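Presented sequentially are two complexes of chain A, the first with chain B as partner and the second with chain C.
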Partner chain A sequence: MNKVLGLALGILAAIGGFVDIGDLVFNVAAGATFGYQLMWVVVVGVIGIMVYSEMCGRVAAVSGKAVFDAVRERVGFKAALGALISSEIVNLMTLAAEIGGVAISLQLLSGLPYRWLIVLAIAGFAIVIWVTSFEWLERVFGYGGLCMLVFAVAAVKLGPDWAKVGKGFIPHVAHNNKLLYAYFAIGLLGAAMTPYEVYFYSSGGVEDRWSPKDIGLNRANAILGYTLGGFLSLALMIVGGALFLVHGISPEHLGTIALGAEQPLGQVGLLLALVGILFAVGGASIDTVFSGAYNLAQFCGWEWGRYRHPRGAPRFALTWVVLLVLALGIVMTGVDPVILTEYAVIFSVAALPLTYVPILLVANDKAYMGSYRNGRLANVLGLVYLVVIMIVALTAIPLMVLTNAGQN
Partner chain B sequence: MSGKEIDIGLKVLDHQLLDKDGRRCGNVDDLAIEGGPGEVPEVVAILVGPGYWGQRAGWIGRLAGWIGGGRRVRVEWKDVSKLDSAIELKRGATELGLGRGDDRLRPYVDKIPGSGR
Partner chain C sequence: MTSRPAHGLVLVSLTLAFSGCNGGTVDRHALTNDASTLDSIACEGALLAHDVARGRTTTYFAREQAEELRIQSSNLADALSKRPALAAIEQKVRLKAKDAAALAATLQRLHDHPSDRAVGAAVERSLKKRGGCP
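The block that comes next holds the complex of A and B.
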């Protein structure tokens, strides 16, 4: 019974935790530009993150190794150093964007000045992470993020043309503005398959001391958690298509996204949306900052762990503190978090193979995995996604340049 | 430490080091191998620290190693107790000169309230 409860709680937290600023920005913007035509890309992305998360969780359960341990052992020092540098850059950009998102939601809720709230948010995170236990943090942000479900209610209330929504699940290419369509497709894939999620997930598995008997739990977590999170992403796109596209609004501000819940549901909808965004983006900030610290600590062989108090893992603690300070510097320049998000997602797409290729190699390696190595399904899906990842990685930055980051 | 054959490139190099108490105290950054022409080469020591990164990854390794403080520690092969998914050592990290960054930082961390149990 306890296990079922634990799984249920974990999944609830995952729904709230799946959607981050990248999903918010790209799903709503894609809906506002192409209606429901890109629904299928969200499905492709969600299955992709499931496939690779499941592999990472299984590697953690069988070998006791988190992603960056495995990356360094399997692809060697030089490639791993490249993967580390690129992942730290993308992570820091993402962290800064998420913190900007936290400050914007706080600003809309409180009316206080933006820059004060940035400082408040970062100081708050630093103190809370330093002092409290991670379990508690994860739950609070996960459950708070559930307020995002208001977007699912809003999506239904807006009364979209369900036949068109259904058609959006059939893969196709738009008739006009193909470049922009491709740019959004890549952004949606990148937002769904954000690498920090797998770093964070696999390190958590190692810390929870998963063993081969937890492989079923890992699979259930990956499939259920991401499916439900994916539904929320789809709901955001529907809101974008049914409200913003119809009214010709382009949601260039996070606050505009929250209005997507106010229009059909009134003040309560707006409040829930803002609180949901605050917790979703806040939870993602914590995941991101830890991912950055995990990767460096695992690359260097330091002590690490989110359940460890700073005393037990001093350099790990110093790393996340430094990352928060660097993110503070970036957000304080006044850079728009929505634009920063777009750059972070597109750069993360360009670096995706550096994370996912080694994972696929390790999950297939008999020496590591023995009888738990990838089965046929995982391998077929893994390879298909590898091709997808390679294509999107190569085209991401050119498309960003050609479309002026989705502006035309 | 004998009998079974292992691939040191795959099973030792770049692996996590654990001291006798299970503390994570670095990765195997390089290996010292001895043996002239015609002799059987033998691994004599594990080399740990950012100071060895230059010989693994050229200028970018040197740069990263310099940022990392350039420390070099040599752990004799006889101090290895077990080759598992991590490399387990017979002695404590502090005694071997490993994990010094964490040891040096800890007193400062301790001064900040809420830093540990």
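The block that comes next holds the complex of A and C.
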């Protein structure tokens, strides 16, 4: 039974972490622009996040330490500080975007004013995080986010050309508009491999008190959870291709994504989509705020963790409160959460090597991991993805400039 | 881990990225982009209006989404009517500004009557024609 409940961590990471506002925006926009041509990139991203999450979870299970603890110990102060600063900046941008997304979902459900809902969302998160246990956070947001499955039903109901969908899984380069194609490919990879996911995942493993006997559970979490997340990403892209591309619509609002479920499924589809988006983006807000607090606490060697009462880890608690307040300040400026998401994803791509290089080093360290260090397959996949990560990190910002952030 | 030239490249890239917003002189490329954005808004509005006409949406969703689209087209109308344009296309730009303002007015109707099926049907017809939607 505990193992079944343990899978909730993977589901939360997948729905609330994998399918966050970045995935919603980039997958639907990619479908609306290039149809099903970029499906293969989602698969590449899903395998990448599986490979590195499995390493992070294994490190947590073997050493009882989360990624930043291990990074600080094994790669030195300067490299760890660089990773910390970049991850905290991207985390904060992502958190602000996710909270904006929560407020938009609530507005589309209730019709209440956006700014009130931002304040309500922040206050709600603070209370929920303060009073709720980690297990309940996992369950509520993980299972609530399953409403997102409505997009899979919508994708089928829209009747896409399945032969074209199948061809989309074969890696290829677009015949025209190559720069925009590359921009979307990099955005999709960035959305799939966002750094906060692995930080949250490994810290969650420590919170759940994983030990070496949980390595199988870790592997199942990484594979099942992210496969489900990837499945939803593909469904979103199909909706983009089958509905928005056909109608000449370039989605620029979160509500447009919900329209993708309303068109084929009516009111029920719309409500499930809005609730699913609310829980997915809400779960991602919690992942992000915790990820930011985990990283700083682990880097500084503070007490941390949700299993401790805030009085037992006061600096950790203060960090997530401060992050929520900073995110409130950013969203209240009126910045568009969708645009903020695009910038957050592209900047996170530029910072990817600072996250993934130390993970590969630590997971491969015999002194640290003993017999649980990376095997040949994990090393080959880890190195291949490292090359991919380096290429996308170097090209992300130039491509954003050249394509005017996808506006061409 | 990053060098000074790398920092410089990032700063220049950021400056260029953030300066690439809705300013400057309207040229043919910008006009084409703005025109396709207007068509996109019209077609999305038509889909929304279609669901209003058939009672397949909620009042709150139709109202809020119509408002988002109205604001977007209104901002475009404002920008296209005020921004300097190349002399050769200035007339087209100002005409497009009027189109955008008319689009905003149509979406305002949907926002004001988010559960009225007759209004939904009328708005759908108008927006489909305006955006050349399938």
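Keep this in mind: the second predicted complex is superposed on the first by the 392 of 408 C-alpha atoms of A that agree within 3 Å, B and C clash if a C-alpha of one lies under 4 Å from a C-alpha of the other, contacts with A are read in each partner's own complex, and residues count from 1 in each chain.
Basically, a contact is a pair of C-beta atoms (placed from the backbone, for glycine too) under 8 Å apart; a residue touches a chain by one contact, two chains touch by 3 or more.
From a predicted model like this one, the values you see are computed outputs, not experimental measurements.
By the touch criterion stated above, A:163 is placed in contact with neither chain B nor chain C. In the superposed pair of complexes, A:253 makes contact with chain C only, with no contact to chain B. By the touch criterion defined above, A:387 lies against neither chain B nor chain C after alignment on the C-alpha atoms of chain A. Using the contact criterion defined above for the overlaid structures, shared-chain residue A:401 touches chain C, although it does not reach chain B. Once the two complexes are overlaid on the shared chain, A:377 sits clear of chain B and of chain C alike.
Taken together, the two complexes place residues 78, 82 of chain A in contact with chain B and also with chain C.
Within the complex formed with chain A, the chain B residues making contact are 10-11, 13-17, 23-27, 29, 48, 50, 53, 56-58, 60-61, 64, 68, 85-86, 99, 101-102, 105-106, 108-110, 112-117.
Within the complex formed with chain B, the chain A residues making contact are 63-65, 69, 72-73, 76-78, 80-82, 85, 130-131, 299-304, 309-315, 317-318, 367-368. Those residues of chain A lying in contact with chain C across their complex are 78-79, 82, 107-111, 246-253, 255-256, 258-259, 262-263, 266-267, 270-271, 274, 350, 354, 397-398, 400-401, 404-405, 407-408. Put simply, chain C touches chain A in their complex at residues 1-2, 9-10, 13-14, 16-17, 20, 33, 36-37, 39-40, 43-44, 46-48, 51, 56-61, 63-65, 68-69, 72, 131-134.
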